[in-house]
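In the two assemblies presented below, chain A is common to both, partnered first by chain B and then by chain C.
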Partner chain A sequence: MKLTSIAMRNIMRNLRRSLLSGIAIAVSTMSIVLLFAFVQGMIDDMAMNIKSYSTGEIRIRNEAYSEYERYSPLHLTVDWPEILPILEQTPGVSAFVPRIQFAASAYMNGSNHGLMVMGSDFNYEDGFIDVREILREGRLCEPGKNETIMGAGLANRLHLTIGDKVTLLTNTATRGSNAFTLTIVGIAVFPVGAMNASYTMIPLDRAQYFLHMDSEVQEILVMADDSVKENTLASLIDQSILDHTGVQTEVKTWKQLNDLMTLMDIASYAYYVIAFFFFILGSTVIINTTMMVIFERMREIGTLAAMGMHGKELTRLFFLEGAIIGAIGAAIGVIVGVVITSYFGIIGLDFTDALSGIDMEMSSVLYPRTDYWRVLIIYVYAVATASLATLIPSRRASKIEPVEALRYV
Partner chain B sequence: MIRVEQVDKTYHTGDSVVRALRNVSMHIPDGQFISIAGPSGSGKTTLLNLIGCIDSVDKGEIWIDDKAVSTLGKHGKTEFRRSHLGFIFQTYNLIPVLTAYENVAFVLSILSVPEEEIKERTLRILEEVGLKGMEQRRPDKLSGGQQQRIAIARALIKHPKIVLADEPTANLDSKTGKEILALMKQMNQRYGTTFVFSTHDQMVMDYAGRLVQLHDGQIVSDDSRSTQ
Partner chain C sequence: MSRTNKKQVIMVFMIVLFFSNLIHAMTAEDIIRAMDQNENYATSYMTGSIATTDRFGEKITTFKAWSQGAYDSLIEFTSLAERGQKILRNKGELYLYYPDAEELIRLQGAALRQSVLGSDLSYEDMTGEKNTLDMYTVSFDNEDIVHNQACYVLTLTAKSRTVAYPVQKIWVDKETYIVHKGQYSSATGRLLKEFEVLETKVIDNRTIPVKTKISDILKKDSYTVMAIEELQIDIPLDANIFTLQSLMW
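Take a look at the complex of A and B:
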């Protein structure tokens, strides 16, 4: 007669109570699966947005740019025609794109409206912004033409649509002012709410022309192959540019440039602590149930002890009951959590209203994401915590004197 | 041989002190069918618990054969109970989630007896106590008498030296009680196992080969007689 078999039957003995304990573990496990999936989805989304829209995996800028960044120093540039062949020949580079981002003002109906302009070579954007994917109406801009693809939120704010013209005023790289008129040929929905509300994209050559930057660009974003480490590639690019052009540039990885990602990584550890307390909370039900079971079965404990069962064996019997409930509850929690994660992983969670006006590289629609390893860790973590919690009252069974237990009514 | 030597046992319940046994001494030779009788609170169950190594003496000694069991620690007492003692309780105390077969077989499984032997011995003893065909029934599907038969089988399955029975017929009607006593007597004779049982039932006392009367924790009479 195996103890596991007896434990299973004891679980079925008071099914409603066992279900209650199992559900508590299942709910806490499911919550953790969802929390971790949500956090992972958020981290992945931010990482993707940072890489695609903001810095790439590696960003090349003029060495002095960062120091004067608050002034938007358009004269601190990098030489795109010189760097292009270097990047083409650098092993480990999978994609790169030249960009110029600058603030401009749209004068409309007697008032000025601030906005951001991103000048980019659309031929190189494939590894970064999937412009075709985010284009909701219209078409891409053509190089050499004063055309723009405007963020849907911005277009809505300015009451503009395809075919409308908008005149922008901005400072140039030569510290002068310039105004230029663009025709809206496309409306795009940027996944990042802040971009959607304030960005418009124009061809790189037009941006260079309006800003008097010749063939220079403000920054070049680079994506690395999976085979190479970003830090290693950044150092290689830095050295190659210096060797070929004699100009020192600032080459940094996206992690070096985004403190928020480092914070998110640290926060991930905090979530494990939160998870631990969640499981403890769920385990209190098991602790309570096991204590009740021990009191109810006091006479049985006395009988088993009289028959010669040692304290350790009695502990094991009650521990097994709790551990089995914990294992089944955690399994159900994980399954339900994965199903819910998969569902929202497809349809997404819409935070458009909540994130409106928040300047973070976070998409308005988040897709929770998890993986088998993470799920397995959560499952083991849940079962271990529940079992450990069960051990506390179970050990009580071994401390009970048989004579006391047999006298118990 | 059980030797109880000048045993004292006192219980403290709140402020009150109950002297359950006072200077009790007795010898029980192997194979005896002995009844410890007396009114409620006379110390019968306490004496049984002390002999059964589930309680500890305050003073005196208890020997079973050449072992001073009263001096054993918790682990030693458990080991001794596991190997040498069988118990029968007034309320049967069967494990409700186990079948009749499993309740009996469980005793051997904690002694790590091989599965085949467990099966053979369990089926045989259940047949001997008259429960053939009821092996797969759970306690709640059996009468009180049948449950007590399982308890007897459970106590005897490991061939213990001593079976301690605390008021084994108290919860049974007189006819079933008689049947149970007859069965216990039969097992006592077949296996030579010493049976020590407590009772305040005259019919049970009449069945005993030796009757020890307790009153206020002291032996007031001890006489051997011929039994039914």
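Take a look at the complex of A and C:
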């Protein structure tokens, strides 16, 4: 208690230096809170986009599709009418959607423009792409009609708008080619920039018709209940399809399919190391301040030692000063970091220009996100680093002989 | 032998040599003209099939085709998956018609080298203009035997960069002037495609290749066999067949 009072008095007595140390810790802590919030927001965003737009949590495909994927083997399909009742009866399946994605050329005024087409049953998209939400203008396509919802970036690139017609040329599931004309009935803003610039959506039945796929589909995406492990559900679906249809399919989870997410998980550990160095950097200010204080208060240290204060107590005194500055600085840093994170968590950070042309499942607008546990860990981490940093100069103070210290008078 | 006789023999020998060289130089172009003439019909109608074998198995497409002179041709696919699709070639222009598309697709430039229905044939191969000497210079290489037939071996070098195959080496039958074998290469000498006649038939005193095999060397384990089932030559055709209006019909 006595040491705490002395420590507080010393902090107040060197207020400017204390403030400088506190600000260094606050800035470091705030930076780490923001960095972690940004990284977490990015990981969450990519995970959501991969699940919604690319693979679902579980993806079902023809067993041979992946081997020949580079050749766009649309003839390697899965039987949607046969698999549909299996998924309806499988416990743990919360949503599923059949899709066909293929490359095509938009033929306009004698030249071809590459794009991607996603054929989907909009009735099943609710658990995946919220088509109504991303629709900027127009309406949804109607099954059986040659209609399309085009990404805003693609429509802009091709100078097309609602009501315009576009003829697409593509390869078919019979390994031939086909061309078909679609009317644009909606313009959508896909959150992923690369999709926005290259995708157009059409009803599943029209994709099947144009590609000569009968009732087959290229892939079925599945979402799992929160209570079910994705790996377990994938194995269950795989076995159920094999038992009911006698056909082996490829059933994989989104983490098995996306190396990038595994890399992001590894990268998040790297950020803890970066955070450590950030705090060390912030703590150098504390080390420097404490060293200056020790030199300035050499006479006082000598007096305290002459009055019987032990070296360990002197160390604890300076440790306490560092801990108090660290606690207050880190608290301020955490509060400011959380406030900034919350603000950008609502309005988002717009990276449209920076991400244009980058083919990653990352949204153009990112929303930083953090949680209380992460904030608490960062806070404790910051205080501990700041406190421990004072041990280095404090040890010097503890070794000072009273007689030698009094020479500084 | 007297001195005068010797001179006469030498003169005759030189004249023969001169004319044989002359004949030889002309022969290469004459061979090509004869080859083109053999391949060109005033009009023709044929039905046939294209069987493509690749890593995914065999795919068969059937077609009907009409041609007129060296420049006009129309192909209509009749197999179930491609039924109603058409390719029209007029001089320098190539159009695709698809029943589900509301407009014709005009192919030009590099697009003409795209594969027709996933086969080893390009649009240019299917409908190419038969005016070889306008596009290539020709040189005589040697003679060879292919499929037990004596052939001239000729090398064609493109006059411009607009052709699909800058260098062609062809084996032309000495009697019938059909091309028994061909090797098509890039300007740097890289082999692009190989062509071979598998079967011929005599129709109206002309020997016609009715089964040919073409392999796109750039595609692994892939080849296409094109077979003509029915061929009618020099028949009356409606001139409107080769117009854009009739294509949309």
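Here is the rule we go by: the second predicted complex is superposed on the first by the 408 of 409 C-alpha atoms of A that agree within 3 Å, B and C clash if a C-alpha of one lies under 4 Å from a C-alpha of the other, contacts with A are read in each partner's own complex, and residues count from 1 in each chain.
Heads up, the rule we're going with is that a contact is a pair of C-beta atoms (placed from the backbone, for glycine too) under 8 Å apart; a residue touches a chain by one contact, two chains touch by 3 or more.
Predicted, not measured: the structure shown is a model, and the values here were computed from it.
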| item | value |
| --- | --- |
| Partner chain(s) touched by A:F295 [first = chain B, second = chain C, both, neither] | neither |
| Which superposed partner A:S177 touches (first chain B, second chain C, both, neither) | second |
| Partner chain(s) touched by A:Y343 [first = chain B, second = chain C, both, neither] | neither |
| Partner chain(s) touched by A:H75 [first = chain B, second = chain C, both, neither] | second |
| Partner chain in contact with A:F277 - chain B first, chain C second, else both or neither | neither |
| Contacts on chain A seen with chain B and repeated with chain C across the two complexes | none |
| Partner chain A, residues of chain C touching it in the complex | 52, 55-56, 59, 61, 81-82, 85, 96, 98, 100-103, 105-106, 108, 111, 117-118 |
| Complex contacts: residues of chain A adjacent to chain B | 1, 6, 9-10, 12-13, 299-300, 302-311, 313, 401-403, 406 |
| Residues of chain B that touch chain A when the two form their complex | 49, 52, 54-55, 74-75, 78-79, 81-83, 85, 87, 89, 91, 93, 95-98, 102, 105-107, 109-111, 154 |
| Chain A - residues contacting chain C, complex | 68, 71, 73, 75, 107, 110, 112, 146, 165, 167, 169, 171-172, 174-181, 210, 212 |
